[in-house]
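Next up: some structures, all given as structure tokens.
Below are two complexes that have subunit A in common, paired first with subunit B and then with subunit C.
Let's turn to the complex of A and B:
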């Protein structure tokens, strides 16, 4: 799952740095815009079935690839999908 | 008309070299006599007056055959050896029961349909040497089609653009004085880069032949061997140069490409692609005594209809380089941002394709036959500026984006020599914008990719900043010597 998420992030960012450095701050680096975030959440639902709505999260909670993975895992556990 | 001007060259300087290629050279006298002989053969042996296909690469027989066709009252249609069998079949089918003059040593017989009448190289050489003559009364008239060049239209069947004797004469009349008076050009040497099936070559072939110059043809095989390429160019000691900007960039990559290699250079002429400032500036630096001339025009209006010498002021101006002032005899109007062309070098239309002719050519309000270029542009005074293909505009996240606009902003960044921008697709929708960059300064590391993106963010709205940044040593090129955007797009899709 981690790999899939990183692959998707790299695709959205257009840069493989997110796979090499999972602690990079994607917000500060301007790698993700608001459309990309929406697209990510829609994709997570399609791919893993976890429903994550944009309003649940602050930007800080998802700003690095590792944090995104952590939040997806948390959500999957909450919804009993993990 | 064209043949009259070339005849003057042949009468004035029969012993001067007219065309040089890797396999040898011919004088104006030989060019004239051999094309007479081949014309006599066509006149006596080909029952129809359909266009004649001339197949080969940079063989001397190509130019002989072009003139022979004109002298026998036929149009010629150049087909380069790099063309695919499928494309050749399309061309033959459009032309009809064509005679085909083969000037290449090798050719694939299976490529040619059964109804094509092939005259192979050996036969052609024999015919040229036979000493036949042809009466001037057989020559093409002013309204007759001189050549047909098939454009590489991105979709569907290629279109055969017909250019008349009058169109070509009007063009050569203008190009003779472009970037320097014709009197100075006499007996000079022109570098030819473009294959003859690409209408950029019309600029060097006919400006050279009608001004008694020497045409120095650069074969495609040389493009992959830098050392041999530079040696060959040096040997020609050229005065004038006609190529795509991409080909000049390829040469500029070598430090030796300077005015020690070519001390006589007087002018570089560019057409067929956008000339960027970096290329122009580097040429001026390496060749301080030579002019850099930018020109513009679709195949449908005979090679080029605007031109200008690039000045230091233009290089300093924040805008992209202008494409020039309009040739006398040509009219250019801007309608809904599109460049519309009319005038004496405008093609009568596409060969045997009234539908596509009607779609692109129309009668303007004033009654002038006009052509939709599909190019966006604007005037500043009498100077025309090119804004890219209208179909290079994409819709991304709901915004209308001009890819060439991103390219010119990328090239304005310090350290970026060349840039090409293509859309990246996920399934059938544009998911990202990708930029390919040639740079001596940057490396393919995250920090440098960020520098490019951040540099662009200062100049463009965020949605126009390409997410995918790729550094490359050189761009892939098409057979015509232009940036191969389809190949770039493939690279992006494969990475995905």
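Let's turn to the complex of A and C:
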């Protein structure tokens, strides 16, 4: 699952650096714009069936690949999908 | 009595704040007391108009019933998009009835704060659908909807954030710091609204109503500054009052005239409103269009999203033509900004340059001022477009009422 997420992030960012440095701040590095974030939420729902609400997260809670993985895992556990 | 407007309100607020401060200092929960104070203020504000009080009660109870039923359906039957639309309609029905009847001069569901309460209800409804909210406590619901600092004109808080604040007991030092910030915010809010805002407002009739471009420009800039100081001042007072009652109400303005582009502006002007629209309309449109693969071009998709988002925001202010035009204008500005920022190599190369930012800020400031000029109703009035009530007085309808209260406040005569 982690690999899938990293693959998707690399796709969205158009940069493989997110696979190498999982603590890179994707907001500050200008790698993701707001539509990329939206696309990520849609993808998580389609791929894992977990509903991630755009109003639930602040940018800070999802700014690095590691944080994204952590939030997705948390959501899957919450909705009984893990 | 009018909230945050007449002297009686401020006197009573000062008295009623004392027990809240004592509870805060003693590290006891303020939430029950703050709810009682909200009820007292609501009663004082609506007692001269009993139908509005009845509408208010019916609204709150009916919406709670709708939300509880919705919660039950989502829990038992899962997410159903057809039912989603039905329940969304149920949530906004009172506001729609109120607005449509208002067009025909009939007052149905006319009570203070209906627009802002509807935002809160819809937020809960959508987050139930997203399974972010899985239960509703009736006390928290009523406390959230009726919290007196924000009932009239925002800021629009979020229910989960608000509930966390209710449960949180701050350490004495933290609370005292927060309450002191609250007092500071109220005082600067008073300065903004009743001194600077009301002062700037005087410029408009004296210099801004003559014919000619110069007068129109004076009107445009003075109205823009007036609206900022009036509304940002009001928001500061509301946020300050909330702080004293232990609620860390979100900020509503953040130096909007310093925005470096229009997107930045909407992160600084009426923030809780624009972020509400971002989270509950714009993002949802984007998500559903992405799922259905409605567009194969992202720029076209976001342009459509901006146009719908801002037009609805304009409509929310009222059905008058100039409000709709205001929304469309900002939709266009956001779309053009998005296209420019995505397509222009010049932008990518220079966006961090100091001189670029200065020019961009200057242009944004003037575009924003022109937008507020549209909002004032004066622009359409000058063009001779019907339905512009502001032609004679030079202000949007609601603001002449505001001005009345300013006079009440300055002269010490209490408003009703």
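Following the convention adopted for this analysis, the second predicted complex is superposed on the first by the 82 of 82 C-alpha atoms of A that agree within 3 Å, B and C clash if a C-alpha of one lies under 4 Å from a C-alpha of the other, contacts with A are read in each partner's own complex, and residues count from 1 in each chain.
The criterion applied here is as follows: contacts are C-beta pairs under 8 Å (C-beta built on N, C-alpha and C of every residue); 3 or more make two chains touch, one makes a residue touch a chain.
Predicted, not measured: the structure shown is a model, and the values here were computed from it.
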{"item": "First (subunit B), second (subunit C), both or neither touched by A:13", "value": "first"}
{"item": "Touched partner set for A:41, first subunit B, second subunit C, both or neither", "value": "second"}
{"item": "First (subunit B), second (subunit C), both or neither touched by A:29", "value": "first"}
{"item": "Residues of subunit A contacting subunit B in one complex and subunit C in the other", "value": "35"}
{"item": "Residue ranges of subunit B in contact with subunit A within the complex", "value": "397, 424, 426, 431-432, 434, 446, 449-450, 453-454, 457, 462-463, 466-469, 496"}
{"item": "Partner subunit C, residues of subunit A touching it in the complex", "value": "35, 38-39, 41-42, 46, 51, 53-56, 79"}
{"item": "Subunit B-facing residues of subunit A, complex", "value": "11, 13-15, 17, 20-21, 29-31, 33, 35"}
{"item": "Subunit A-touching residues of subunit C, taken from the complex the two chains share", "value": "79, 123, 126-127, 130-132, 158, 279-280, 283-284, 286-287, 290-291, 298, 301-302"}
